[in-house]
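Look at the two complexes coming up: subunit A is in both, with subunit B in one and subunit C in the other.
Up next is the complex of A and B:
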């Protein structure tokens, strides 16, 4: 193959490494003004009054807006298109603030520094309301948490119950029942680029929005709902994005910037500070779970009974999808004859949750994989063996939605990974008894490929040959930094006999691109990649027909390779073909296809970790790590490894360090800076080994399927299991902070 | 206040607020937006530049303190107009770049390390990156890019 399965460097790599790529905060416009937010210091309060006199007196301040001066339209920041049903509970600025960091007002000034100083000069009078600061308190008090705003602000916001088989009979017949409680923290995306948005008036009274986003159409729909500006009057363009991981999937600043640009007739930019990014955007929902597993003596899972409580924070966002999403992933990993699941999502007066790499998967896998390890220990069965006895086989039908998991290769990940990690010998090693204790752990995981059947998984792609021989690819593409533009260019180039850099990709633009759901739900390579492949095939057909005329040859005998259209009779470059056609007044070859997926196969992974625990300090060092991934086929092994490496970094943090740490008494976020919110940095990260299982998914482009989200899913349980192995403990509250480890010893 | 800054070999007169950080001076006064701002409190390292060849967090360095010193930013690294330097090429070729936002700071931290220690081992490389946050790559490829470039420079000079 020419371009597929190759370690092609990023097509925009030179711009990035040269510091030339303009991110949102690097963009300026003539007359541009700057917004700064006033955020609530209270977890739940009525905004009684706002005194902006001192702020307005500062030179360069243009104005202040708060709930009395902006439209009181309720919206949901998680919608993907107009008309999507969701709980509309959020407003640009509302009369009631619902979490520390909730938006109270915005100041606009000539410079960002003046805007920030003015925001600090504003005084706000609050009337405190009772605050619900923990999921337990929310679950214990079902019903309204607001003031007459049903169906919004009613707990629980979602409750999913599912029963498969006969759990009661299986539990009664089990050789062993193990119950485990697991809690997972509220973690933050920590994209190095803070949230930012720029909006400006365009010709015809329209508003342009430039946003580092995951879907321009989602931005359009949310801003229309929040501001009352007609969807057709909003022109949304995706800017380069300095990391998202789901954190920029939901527009936070876009409605405000659009409203201000429309009101002032000026370009308005808001760039959040790091603290604001922590307290005023989105997080991963915290979960408390209980899993009971009924086991047979031989290590077969006979039944599971799962109860999960998810804290979605102050606004619903997409939180009502979380219990279902968690169930969807839970039932795809093991062949479990009887399953009971009860998942609830509740509001609290804490920072909202939203999309974050894996969307429920890291939470439910932490619960399932830590629970299974502790059950294995009681049975005296090796953790790899117990997983091998229960993992689903390829083409299994999962019991919830009745979908095939496709050519899912979880067992290959597990067995080949265990061999490469030398699991058996390491597991047989005698337990350490000194200060430093080593242990190993494993966790398996599965994840989805796209949104089918929850959403119409259709995507449209247009491609055409340009003068000069480049090929333009137009779809609503949002490369989040993962290299999806490069991957898709490779797919197109492979079909067209070109190199990836000869495919010109237009970033998503709501005026130019056909609708697409956006970069989310592990759908880029598997769904959009297949749409690109099919469109490229159609374009290749068109090019062959034209080239056949130019070469005086039968189209069936024309091959596209090395940038040339070739036959036995002769060859010409695609640039020469374009020139030849233009000279004859012909329209250059173009193709447009809509691809509709009708399945949702699983990706699988097995991760293996070695840790060393310092029993004096409680600190854990990850000393060795192997990630085995079922990717179907790696379109770009270098980028696939990069995705896996980055997923491991987020997962190690999830296991050991990361928690925004909301004070259950006051609602204040304790870890609201990089100084207090610990990430695994270069020193904490172990060398990473990756094993790719490439057995091909028939429905994916060239056999490929998703890797981006699943990469972070098994990490935390693998590490927790390794720590429990090292210390012979039953730790199950994440993150494993030193004090938790010391308390368990 | 007014002061002179020598950036990438050129001297410019800058007018800035007295304690204005070097990051703001470079980005907003001189238009050198290759360096990024991720936290403005010296934790993320996206604003790393070289001051007399050594990496500093430009957000923690008052601009005027850089007067009379030799400042190098990402814009000053290339091997010529439109050409990347060796360390930049290594980053792209081994996949050490994803979203790219931390990249200019990472590259400057790497360049600073290689100027001080031409033959670092992996532990020394990781130590040199301790002040730079990357959320995309897991650091593995960044460490490899720096080791690759070090080996390449040592081959050339050997």
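Up next is the complex of A and C:
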């Protein structure tokens, strides 16, 4: 009892801090061999020849594979079910490399060190092809971007246009029109654990894949497509994961490991180095945006006209969803009578983009929230007031998909957050004029809960009572370190009168679990949590019926609490009930449910930042921070706060430091190590306050909705707005490097 | 026989013996520069671990000098009370090197021998006119830090700092992409005395605006001999910016560094004179 809304420690926390949890790089198997990749130093080139003689001569080297010796099956790493239609443009190793860091070959050897040495001993002859290294260049040259089969490698890969209301009339009637250009950088996930995968032959000619992934079924679908191995012959298991943030949503190594394991009949493991993780996996797409806002004198947004150009890099992955996703989030925040949106995604010869916490949201919110602040300044209206005048009300219908935003509490986040931050008094403070200048900024944000209506947004859960009184929960669960397993266990335990640690959770295994979309799209708590709650209710019903028999009582009068089945007549533990049933040869109570979502409510947030800018050095210190979040209800306030703290850390980096910095002339990544890629570390973190708005979402489990992705969405614009407030500037190119700040003064 | 062997001598004499052995010597102290991934490692000769030689470690006052063993860790420098009183610029630079884990291993000798353009300990050692005690197969001698050139087999055994009484004022500031665990894009050390309020014997050295630390004589001249006043500081600021223009005329970072150096200069002066950098004295922008 009392498991929901409690600060329950992570159910795998002790194992983690005790160093007992085995991550993929800790796992070994008898006879296991190691792969190392050869990566392209060129942004766009034909691989003419490959000389592996020196590599093969090294003792311990087993073999080398490249495009001439692997199946040339094109695939898309972002698909999440077998048969999903997508732009199939990627191959394990292709005859043409399309970015610095693209895969050229793999060496397999007895040890990882030998494999790395052998990879370095391989010489490759390239014939350079013209490279497109910036989104501008890509946009200026629509059409084919080099050899490859249409529709792949044609720009733009997606173009979403949307008009709502009458923007032209609204712009003509506006009291003020403000235009702002915003660019956001290509950032990297920087999970502590680099990408890794292990594959090995299993009984019956099948291949097992152990992978720190976000969906075992996505791995199955992608590997099947890339290797030609039937998906039924692929058994995928999720390993513990040392951080993903979306970076491991798309299988990168899995097809190669599976292919090699099948070819060699041996366990094959590949663990990337830090540099390889930077240059050869995924990033957050860079965006260039332009927003024109038509305002009334009173601070109402009359219309917006948005143009967004997204650089998805060398392979489509899921990049063609980005313009639409960005639009989906853009139109859920404010009540805007007229909207025009033009979003394009283009290929360039740069590292591919992919899922990353927020999936387009940080980009589009940076554009919209920085633009709105600059418009507010011209109107002389306080940034909080202007947001209060435009935020959507609960149960509003958004104009793009026509969905209700549910019990969305953006306004509560804003007004309660502003009060707690003491916004008015701080805003009224006289502007600093000396070397150090303080400023405050606010940004609002919204995010979705799950994939409805875009996909079959459903999930299945099985639960059963085990001998001993524990309850087993089986679903395709992928805890990425955020604590989703703990949250789901709390939900199940609440219904069953147990404690979270009495719920046994099996990590996702494609042989054991019913299909699920995976950990993505802020769907774990809201969608899977509701599926778990419903299954737990069904199981509770079963248990009560059995307990009623055992207690000689009416099932309606049996309660489940404190690990007991109780009635006026007596009580028994679930363990005793299980024993009682086993003694009678009965099957233990079990239940399974499939829950299909019928809506997609919004989560909301308002973030408040105070910064101090050193106008001599250009250094920005974030000195105070408050995050107000509409989470419906926090199943576990401690984990919710943890998600928000981490979101702020990523957001500070996005605002101030992070950029993989691809050289527009050479295509080389300049920041491909932690020495060059600056993350916000502990010293840069401000004191953090979290305010939870818990007004309940009727369709969510116990009223809960998502927080994982939205936590990072408003951070960068809040900080940029604070810097612009401090300096009276219009800075809008992220990150705000000291050079950029000084140039604006 | 072309192989790298490892020696863990326990005394300077043992190192001298190795020096006459004839094989190439490679010294390793904290290993924080030498062992990082991607660096070329020596393939033959003797890798000499300096970590076991007690004589190479520690800080002592010897006559008119402070003597710092070359294998003294950066963490020791940062917490040493004598240094904090006599050459705070060096304590501050040590405290801002890397992060705790790095400071616990990194040594002052390694920082000097590695001689990275951004090395944080070098500007303080330059302003203090440090001399290095060097030993090689030809014997031992003293070399001014500005004249030191690293070369294989040449061991720094100690750093000697002049220790005048009263001690001069000194300070250090650096600028990287964040506050801690960051390589300097610019660093600055200053040393001076005050005579009746006048700034005298001023020495200023900047790092990361050239392959080696740069003595900023224009800036020294702008402030030297003057009282601390807004006017003097303005001249000083201009001179600092001019120094950057001269040092890196064509680099894209020039525009930023020519202004940032003023921030560092003001920070150091403020610290040396017991002011806050927010004091109105420093408000006048460059």
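The definition used in the following text is that the second predicted complex is superposed on the first by the 743 of 745 C-alpha atoms of A that agree within 3 Å, B and C clash if a C-alpha of one lies under 4 Å from a C-alpha of the other, contacts with A are read in each partner's own complex, and residues count from 1 in each chain.
Throughout what follows, contacts are C-beta pairs under 8 Å (C-beta built on N, C-alpha and C of every residue); 3 or more make two chains touch, one makes a residue touch a chain.
Values in this document were obtained by computation on a predicted structure and should not be read as measured data.
**Student:** Report clash or fit for the pair subunit B and subunit C bound to subunit A in the combined superposed model.
**Tutor:** Overlaying the two structures gives subunit B and subunit C room side by side.
**Student:** Considering only the touch criterion stated at the top, classify A:617 as touching first (subunit B), second (subunit C), both, or neither.
**Tutor:** second
**Student:** In this superposition, which partner touches a larger number of subunit A residues, subunit B or subunit C?
**Tutor:** B
**Student:** Figure out whether A:424 sits in contact with subunit B (first) or subunit C (second), or with both, or with neither.
**Tutor:** In the superposition, A:424 contacts neither subunit B nor subunit C.
**Student:** Contacts for A:594 in the overlay, against subunit B (first) and subunit C (second): which applies, first, second, both or neither?
**Tutor:** Neither partner.
**Student:** Once the shared chain is lined up, is A:678 touching subunit B (first), subunit C (second), both, or neither of them?
**Tutor:** Second partner only, subunit C.
**Student:** Scan A:728 for contacts with subunit B and subunit C and give back first, second, both or neither.
**Tutor:** A:728: touches no partner chain.
**Student:** Touching A:241 in the superposition: subunit B (first), subunit C (second), both, neither?
**Tutor:** After superposing on A, A:241 lies in contact with subunit B but is clear of subunit C.
**Student:** Report for A:638: first if it touches subunit B alone, second if subunit C alone, otherwise both or neither.
**Tutor:** First partner only.
**Student:** Angle at the Cα centre of subunit A spanned by the Cα centres of subunit C and subunit B: state it in steps of 10 degrees.
**Tutor:** Superposed on A, the angle at subunit A reads 40 degrees.
**Student:** Please indicate which partner A:69 is in contact with in the superposed arrangement: first for subunit B, second for subunit C, both, or neither.
**Tutor:** A:69: touches no partner chain.
**Student:** Upon superposition of the two complexes, what minimum C-alpha distance (Å) separates subunit B from subunit C?
**Tutor:** 5
**Student:** Between subunit B and subunit C, which residues of subunit A are contacted by each of them?
**Tutor:** 273, 675, 681, 683
**Student:** Which residues, counting only subunit A, touch subunit B once they are in their complex?
**Tutor:** 7, 9-10, 12-23, 25-26, 189-194, 240-245, 273-274, 480-483, 638-639, 641-642, 644-650, 673-675, 679, 681-683, 685, 687-688
**Student:** Report the residues of subunit C in contact with subunit A in the complex, numbered from low to high.
**Tutor:** By the definition above, subunit C touches subunit A via 37, 175, 177-183, 253, 255-256, 259-260, 262-264, 266, 277-278, 282-283, 285-286.
**Student:** Enumerate the contact residues on subunit A facing subunit C in the complex.
**Tutor:** Subunit A reaches subunit C through residues 273, 434-436, 614-619, 657, 675, 678, 680-681, 683-684, 738-739, 742-743.
**Student:** Quick check: in the complex, which residue numbers of subunit B touch subunit A?
**Tutor:** 27, 33-41, 43-44, 46, 73-75, 78, 84, 88-89, 91-95, 97-104, 107, 122, 125-127, 129-130, 132-143
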